[in-house]
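In the two complexes below, subunit A is the common chain; its partner is subunit B in one and subunit C in the other.
Up next, the complex of A and B:
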């Protein structure tokens, strides 16, 4: 099979796992962009209602926990576990989906909902790095700086993101758009440097791609 | 007691070359204790679950592929365990080196120094020199509220404190937050431990100086303290405790394990209420009143003078539930000798019990004195209100013999006992209401004498003397029996164990049979108010 012409991507890089041209697929198809937002708000079957994040919402740090379709998803999550302690992780996911980050008030509220001590909830939240303990920007950019990515220029990518957003690691840019942090291995070692932006992976990212990537994020909102 | 069929099966194994036979299901750690070997451990505590996470109690077991955590591994027949083999020791040395990696090594300013498990183990088995060249991570300290101060850098992450709050106090206010080398014990932000009634125990069980008592902070060095077995005098639960004393003062109280009474724990109120034992201004010599004047005298003169005045007559006596059984027994014997009369006591009563949920046998009981049941058992009756005041109208104006033992009469007017033909006051402190006493005799506190208390379930428990008596102060039983000896001309008890067996209610129980754990003499007569959980 002769290699096809490389596909016409919006920019040369970042690439994605499919852009060697071997498959006749668009970037959106490969990225699985289709699913985003297409799940019913109420979260469908209980087995999938906790997964994160199926629904894009306007996150607000003071949104109620939980109302409307989110209350339905919350109830469904509870049906999947023998006790509320076991349901803590998915409920925290849901809370983060609604509020954008898990603040002390959120921990307290989740503890109240599940009848757990707030200190215990805090212990769990702080153990997992994927709960944001502080507010983050519209785009949470996680740059893998673990070994493979690091060998292929992750530090420069990190720097480029920081320069573009004019922030320090963990800070949110003034316009509220970007928060850049380092991540340990994202399991994309075959495609360094791997960057996760909100829930999507961007592979083969080079420092030079950052401005156009960020522009596109701003423009498309995803 | 147990039926032979119920006898647990036993297992015989070899630990460090020594054969031991222990009940089936025993952990290697406990079996080793019986063989005389202490296996170092942090996370394991007899009163808590065993998560086997500190990795310090790993021992070599022959035929096992790797070292096994001795705190959770049950003994097996014919097992051969080496706690001191090269493999075990090398492993422990390595683990200890990790424990010291971020430790600030600030023993000279640490209260735990001298009773610290990290210090002990590192000294016994650790490396003589550290190899760390990297900077240490620093947490600083945090106020956990209540009596507890947290020094984050000293913590070894054994989670004993977290498990205590989860399992025993059952108010999980402590948690491990963050992860990796940033893990730290914390409460929910500013929540703290205030409002919990048993949190002082986390200070006791913390194997290192990470959790410290604010009350004891920088007060004494641990190795300077003398330890005396005693019984908590602050409620009728009668928790077994140790008095830690120095400079003739009680410096702190610590629980002493007794699984029938308090497990390994004690309450915060009881723990921190010891300053009254140290109160100064004590009565130190017998005083005899002559008109308005009091004359200091010696015991002989006081007692001989007192016996001379002791005509038979209607006696009314006020005793105190803070007195020992021996004291109460002697007071009753004296009253009987004088022809009988009323014996009453007053006691403070808290509005409710404070139960330790994970060990419901233990509760801060409503009666805030150690020997209310002893007084009841001896047929004395309670008067006054729940503050331990009032109720003495008849006694205050009685015109026969008035005998006050151990009650300091602080709420009574100076006219107390004015009408009495003979007013004898035995106490630790004088008060206005004692100004009409013909004889004022100095008493010791429970900390200065040996004796027994009867707790809420009529368990009689011994306590020992940890402090010297001030001046010529004597235990009440000794004074009263001496009086009786003088009065009757017969020999009377001169030692506490003799005084104890004169009390017929205790049957054939003696100090020997009481031992350190105490004995229930009769089922309790008074029912504790409802509200206790479980047994």
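Up next, the complex of A and C:
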């Protein structure tokens, strides 16, 4: 048995914000932001209006479902499926985008909008991990600790986030900024450790990067 | 501006645009040859498209390796009912990270593949079911779809052919099981993503009760190239039964992890030692999982002669799956990693079938006990017995996927389990 040593070669794959290694691209190019631009709140073409459940930094749990541009997006989503039930997941995503989490009251309201029983909606919500059943911090940090990331030090990354935020997994930090949870494979296995923070992926994250990463989040919101 | 780790031993068909941001735009994509396959396909009959894909021998890249052309040929040959094409972009098998790369670097390739697939199976609507976590990649795809709509490539009159094909980008909400095709269909319908009993098969009764085909992202992306270049062209790579190229996702203890597109049948050790630059720190190889966490582990010895195609990996005692090669060096704590995989399945089990719901949890608890140094030798027999009852006894194969790493590790790395059980010694630290 040999002692664990640090990786002898840095990972140069693109992904990790601010460190694209030998890869001659900006972060916006790697993420695709330069192509995507900012997305209209009302949704663009209906074909893609179900595709963006933003995870926003500021949460408004009391916001109405749905008004203004969100109502437009809701209407567009409904046009893409042969029945209203199929719109349930995208609409719940939209509700979470607006409110930050999916409370029982939110579930009832979504059920009303789509003519579905409250118990049915609850059954669906509890099946899927991306619906936050409780309020979360401004930054929801999901650390992949599954096998590929785990082999490359994901447990240390998880610990570093918990230490920095001074929380237990799933708890929100006192200042309301961070909620750190363990995530299952995020499909970024070639870029360990892969971390999802709100809507974005941060890749090749090492335990030592956590303080600067969290400070960047606080300063820039992303 | 090539992707950082490119080897001249790679054969890049699908991955040519990785690392090139201009390929994302419609203009850039067209310059790079995108939508020529769609044009060619629309000049053919749907059945002729199915035939060419059948002749190419393309097999589904999502894990099961079912021949794509054959799958398409099961669809009814008329327009009596609405047909649906679902593209499975719910990539979540641990070790797999190819679909997100395709989507975020070359979205038009996928759009084109979906349109050709929809045309071939006579579908008027295709859904791309993206994993919810893929927010950024999905936005790239969504933007590409919008551009394609504006250009008349999707919609009521695809490329002036009179064909109507719509395409919708749908996102999931975080559930591994929605990558199973019937689970995906339930989820798309707004239900819990619980797999359905087959038969009826999706080609008869699929999403919204209508004939449906579900194809993986990588499968659909290979289709335009086959349509343009012909089935013989595709068969120049790989073997008779496993033709073509495949993206191999290499992760774990290698110097250069990443996606490598290789002809099927490529030697596993060449991939690790040559293309990936060998094991980190010059360590010795301990084990490899060749096809994502749902397949049996291979020992270093078994890897020596392993050729990476469906038959080659099977003959070594594992499965190619979705070609997600997870490399573990001598510092790996096998018990810990197997426990982590089992915990993943326990978390992701949908709970419909008792062997899986109960079994995955008991397996995880037993492994946790062994890992904590409180295991007994009987626990190893318990693990084998429990997992034996989890194979072939459930609606879908998630249950079998728990058994694969557990059984293979208990059989092949028994010493490591025993070291922990008898002497409390952990073998490895990673």
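The rule is short, and it goes like this: the second predicted complex is superposed on the first by the 189 of 222 C-alpha atoms of A that agree within 3 Å, B and C clash if a C-alpha of one lies under 4 Å from a C-alpha of the other, contacts with A are read in each partner's own complex, and residues count from 1 in each chain.
Criterion: contacts are C-beta pairs under 8 Å (C-beta built on N, C-alpha and C of every residue); 3 or more make two chains touch, one makes a residue touch a chain.
Being a predicted model, the structure only gives us computed values, none of them experimental.
J.: With both complexes overlaid on chain A, does A:184 touch subunit B (first), subunit C (second), both or neither?
T.: In the superposed model, A:184 contacts subunit C only, not subunit B.
J.: What is the contact status of A:104 with respect to subunit B (first) and subunit C (second): first, second, both, or neither?
T.: first
J.: Which holds for A:146: it touches subunit B only (first), subunit C only (second), both, or neither?
T.: second
J.: I'd like to know which partner A:195 touches here: subunit B for first, subunit C for second, both or neither.
T.: neither
J.: So, A:65: does it touch subunit B (first), subunit C (second), both, or neither?
T.: neither
J.: Does subunit A have more residues touched by subunit B or by subunit C?
T.: Of subunit B and subunit C, the partner in contact with more residues of subunit A is C.
J.: For A:123, decide between first (touching subunit B), second (touching subunit C), both and neither.
T.: both
J.: Should A:90 be classified as contacting the first partner (subunit B), the second (subunit C), both, or neither?
T.: second
J.: Now for A:113: first (subunit B), second (subunit C), both, or neither, which partner does it touch?
T.: In the superposed model, A:113 contacts neither subunit B nor subunit C.
J.: Once the two structures are superposed, pull the subunit A residues common to the subunit B and subunit C interfaces.
T.: Subunit A residues touching both partners: 123, 127.
J.: Which part of subunit C faces subunit A closely enough to touch in the complex?
T.: Subunit C reaches subunit A through residues 1, 4-5, 19, 21, 24-25, 82, 91-97, 99-100, 104, 130-143, 145-146, 149-150, 154, 166-176, 187-193, 208, 249-253, 255-259, 277, 280-283, 289, 293, 324, 326, 328, 330-332, 336-337, 340-341, 344, 347-348, 350, 427-430.
J.: Can you tell me which positions in subunit A touch subunit B when the two form their complex?
T.: 104, 107-108, 117-123, 126-127
J.: List the residues on subunit B that touch subunit A in their complex, please.
T.: Going through subunit B, the ones touching subunit A are 171-179, 186-189, 191.
J.: If we count contacts the way the header does, which residues on subunit A are in touch with subunit C in the complex?
T.: Listed in rising order, the residues are 1-5, 7-9, 11-14, 21-25, 29, 31-37, 39, 44-48, 50-55, 80-83, 85-90, 92-93, 123-124, 127-131, 142, 145-148, 150-153, 183-192, 196, 199-201.
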